[in-house]
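One chain, chain A, appears in both complexes that follow, with chain B as partner in the first and chain C in the second.
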Partner chain A sequence: MRRLDHIGLLALPGLSFLAVIFALPLLLLLLKSFQIDGQFSLEEYRLFFSDEYNMSVLWRTLRVAALTTLLALVIAYPTAIAMSRANGIWLSIFLVAMVLPMSVGVVVKAFAWSIIFRTRGVLNDLLMSLGITEAPIRMLFTETALIIGAANVFLPFMVLPIYAVLRQMDSRLPEAAASLGATPVFRFVNVTLPLSLPGVVAGCAFVFSLAVSMYVIPSLIVGERQQTLSMLTARSFLFLRNEALGATISSILLIIAVSVVLGSSWLANRLGARS
Partner chain B sequence: MKRMTKGMLSRRSVLKGSAYAALGTLATPAILRAQSTELVIGCAGSHTAWMEAVVIPHMKTAIGADILFEGTKSSVNLEKMSSNKDAPYLSVVQMDDPVMIQAVEADLLTPITADAVPNMTDLRPDAIHMDGMWCNYVQPWAGVAYNTEFAPDGVPSWSSLWMPEAKGQIIIPSLQNTEGMWTLFMAAMLGSGKPFSEAQYEIDAAFAKLEELKPNLLSVYTTMSQAFNLLEQGEITMLAGSFSSYALPRKAEGAPIDLAAPSEGIFAMPSGICLVKGGPNPELAEAYVNEMLGPDLQSAIADFSASVPANTTVTAGAIIPDGVPIYSPDWAFVAENRRDWIERFDKLMAL
Partner chain C sequence: MQSSAGTEPDKRAYLDVVGVGKAFKGTTVMSDMDFRVARGELVSLLGPSGCGKTTLLRIIAGLTSADAGDILLDGRAITRVPAHRRNISVVFQSYALFPHLTVAENVAFGLRARHVPKGDIAPKVSEALQLVRMSDFADRPVAALSGGQQQRVAVARVLVVDPVLLLLDEPFSALDRKLRETMQVELKSLLRDRNMTAIFVTHDQEEAMGVSDRIAVMNAGRIEQFATPSELYARPQSAFVMDFVGLSTRMRGRVKQVEGDVMQIDTASGMVRAPGALGIGTDVTIGIRPELIQQGAGENTITVTLADAMVLGAKTQLHGVSHAAEDRLLCEVPGIQTGMDRGQDVSFGWSVKDTLVYEAAH
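== the complex of A and B ==
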């Protein structure tokens, strides 16, 4: 027990750093959202939730984050399966392909997507040359473009947790099911998928938390006409100079993110225990 | 051990030496600060090209200053000044007049005086504001930028923005950007039918007219470079409220764009320079402002950025289009109402 205590001290630098740089400012922000002229008040929250525009922004933020998470999951799951079965040079190629794009700045990626989505861009040219569309379709400054761009940026955060879980899975389990006559679909639904759920939950928590608070990607891909909570926060602090409103929106974002992390952690524990 | 302490080092001398070293280390930043030739300037992102090409080399030669600059929006500069009011790190800020008014109200500026900044005496009288709290240095003019491949005949009128043929082809600046005001004021003129002097206060008429513009809007920008990129690529045909210091240098570089001066009128961009109250290196900061207002730098910046110099001894710079009125709005009215307008504008333009 005593030895454990000493090992626990190793976390002290990290915890201290997070406490000073992260937790304390967040606490101050949270307190500020409950204060008007130094008095405790819920007025800012009442004002925020009673404004139809704010509610539409909140709904859009949640919808975009959920759809981004879903799209990332659909792309990431097969990729993670392929990675978990790869070895040697192929595994290295997969890992490099996943990790290397993370070194490219998010601004660069967002700009790249804005070029691809243009009316006279690569994607429209491809669709027309394949005969799928007859004329260019408007993709830039649409929610679809935002979801595709965000899913691309956050994809590694979905792939890697699922890959980590699948890699640790005993590969003999699906084989045992096959030897008992289970079809590939049955093996996937009843063996692989349940065992990989903790990774799926962790990946979804990562991507949803990142997507719900993204700022640069929506700013560049959809602009000011489709604001998200992060854009409203920046506007409140920098342009409206309304710190109380900015703190309130930040706190709402924080509550959403913490709820997702705690909920997914609980779910992952349950799923892990069951599997 | 004894020989060593006697002949070379004693425990006390080691402690004393360590104490001096620690004191010296702690004092070093202050000493370096006192002797520093470094000046941190807040400016607009669109200033980057001429700050790097013209101002930084000039300041090193003329006053021996090493210039660091942070290019962002005027309102962000104001927030930086306000947040660091007790320990400012910016010495000089170049930002727009309506935000200068807010900075004066927040007691963030120190006046520019002719004693410390002699070149101030050569400025046009209307370039000095609130008894020298800030001055205009160069002023670009603003109209409508357009893609020359799609609109070879230019943009004769601001009402072209509202034409049905322009559906989905327009980008306008957000009211978070100063240049966003030009579309608002022109909408007020077109919507109310009144001359600018009266129309600038007809904000309800302006918002009603702006609502009619929504079908033609592809987007509303806060990042100007991205909007220009889309204009140059032909993704849009017109960009409202653009100014000469950005559009005309891009045209000169070969981009297929031009800046129109529509018949209803153009606007004078309110580019101001101020001294930050309590900012570091105050004497060097005054020398910087003096150079910015002097004939050499005024000529160089005005030529580089197609702007109108504020120094009356300078003849270089942009040629103001003939035959169109130039407007300068009541910035105090703007400063007083801008926050409400931003909220109203965002709600109106939201999809």
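== the complex of A and C ==
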């Protein structure tokens, strides 16, 4: 027990840093959202939830985050399977392709997407030159563009946890299933997929948390036209000078993030308990 | 069960591996491999790691594709049939139990994959679990089982689907010695009762001798000898087989003289007579099984200094070092021999007919 205490001391610098820089301001923010004139009150929350516009922003934020997570999952799963079976140079190429874009700033990537999506952008030029459409389609400033851009930026956070789980899986398991008469589809549904679920849960938790609180990507791709919770937070603090509203929205975002983390670790535990 | 009489080629083949070749990244693992197994036979592929035995097993199972040749099962070519339609089951070294399923669910897996009606699955599963004495563990997660229990589940999981051929890749290597011997006896009688055709892959010659009717000794992608355990032991066809199957004393020598069918072989430890008629001047390897060497003079005699006398229970192993050279001779005498001192001079003698001779590889 004493030894453990000594080792615990090593965490002290990190803990105190986080406490001062992160936890304390967060706590003050939380307190602010529950106070009116120094009194405890839920009034700010009542005001927030009774406003139809705020509700539409909350709903859009959740919907965009969920669809971003879904799109990322659909793209990431096959990628992760391919990576888990790759070796040598191919694996290196895959990993670099996953990790390198993370070093490119999110602003740059969001701008890149806006170049692709804008009225006379790359995608519209391509569609028109192929004769698929005659006039440019409005893509920038739409929710679809936002979801595609966000899924692209957050893709590594979905691929890597799934890849890690699949890589660990004993390659004899699908072979054993095959030798027991299981078709490729049966093997996938009954062996590979259930065993990869912890990675899927982790990846979804990462991407959903990131997508629910993203600020730069929606600012650049959809702009002010369609607000999300984090854009609304920034607006309340910077333009409306309504700190109480900003604190309230931040707290709501925090609650969403914490429930995603707790929910996913509960789910991962439940999945892990069986194996 | 038919008695298996050595390598007779007229035996009707149930599994027939014809001219199979395989290379990985340009390195040939095996070429022109022929291998036949009769129905109901228990066969072992025995060899050191890297000899190609696991590759051959995987090719038969359909988990690895062959570059050349054909696999015939009961006269039907299955070379291009995918693994899941071959009805050949594999017990892996790691058992490869599904970690997210219970014992019963693991056993039921093959039945579900074959779309056996739900109502028929439960009785089959409980019958299979009973067979391997694992009924009490049906609802446990497999991670909670010991190595021996996991192996039983792996066996139940393949037996329940009634495969046409069972392949076992080092099935006992993860178990400790005592448990391994028990499981070998159990599994052998289980397979016999069901008249199952099975191929074991192993690097352990005792295991191969214990479980199989015939053993194929493999070396560097080739089968050196395919014979019954007793034939393999008594008449190994190459120095490799002699070395790999059972203990033996080995000496190098050169043929000095041939008189009829007996050769005089000059070794560093003295003259040795052996059956055969190789050309004079041929370099040879001589082998003698330790239990065929006696203390005292024989038709061949070499005087040695006793290096060690190890009492192994039912027998005592005498390690001698020859006077003239540093050849190590091994002699096994039945019972417990006491009063032997290290450093003592003794004579090791053996018969001419018990001397195995192989042309030395260059």
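By definition in this document, the second predicted complex is superposed on the first by the 256 of 275 C-alpha atoms of A that agree within 3 Å, B and C clash if a C-alpha of one lies under 4 Å from a C-alpha of the other, contacts with A are read in each partner's own complex, and residues count from 1 in each chain.
Keep this in mind: contacts are C-beta pairs under 8 Å (C-beta built on N, C-alpha and C of every residue); 3 or more make two chains touch, one makes a residue touch a chain.
Fair warning: this is a prediction, and the values are worked out from it, not measured in the lab.
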Exercise. Record, for the superposition on chain A, whether partners chain B and chain C clash or fit.
Key: fit
Practice problem: For A:138, select first, second, both or neither according to whether it touches chain B, chain C, the two together, or no partner. | Solution: first
Exercise. Scan A:223 for contacts with chain B and chain C and give back first, second, both or neither.
Key: first
Practice problem: Determine, under the contact definition given at the top, whether A:173 touches first (chain B), second (chain C), both, or neither. | Solution: second
Quiz item: In the overlay of the two complexes, what angle sits at the CA centre of chain A between those of chain B and chain C, given in steps of 10 degrees?
Solution: 150
Quiz item: Is A:125 in contact with chain B, with chain C, with both, or with neither (first, second, both, neither)?
Solution: neither
Quiz item: Touching A:181 in the superposition: chain B (first), chain C (second), both, neither?
Solution: second
Quiz prompt | Minimum C-alpha separation between chain B and chain C after superposing on chain A, in Å | solution = 47
Exercise. Sort out for me which residues of chain C touch chain A in the complex.
Key: 61-63, 82-90, 92, 94, 96, 98-101, 109-110, 112-114, 141, 143, 157-158, 161, 167
Quiz prompt | chain B contact footprint on chain A (complex, rising order) | solution = 53, 56, 111, 114, 118-120, 138, 140-141, 219-220, 222-227, 235, 237-242
Self-check item: Residues of chain A defined as touching chain C within the complex
Solution: 170, 172-173, 175-184, 186-187, 190-191, 194-195, 271, 274-275
Practice problem: Write out the stretch or stretches of chain B touching chain A in their complex. | Solution: 73, 75-76, 78-79, 82, 168, 174, 176, 217-223, 226, 230, 233-235, 339, 342-343, 346-347, 349-351
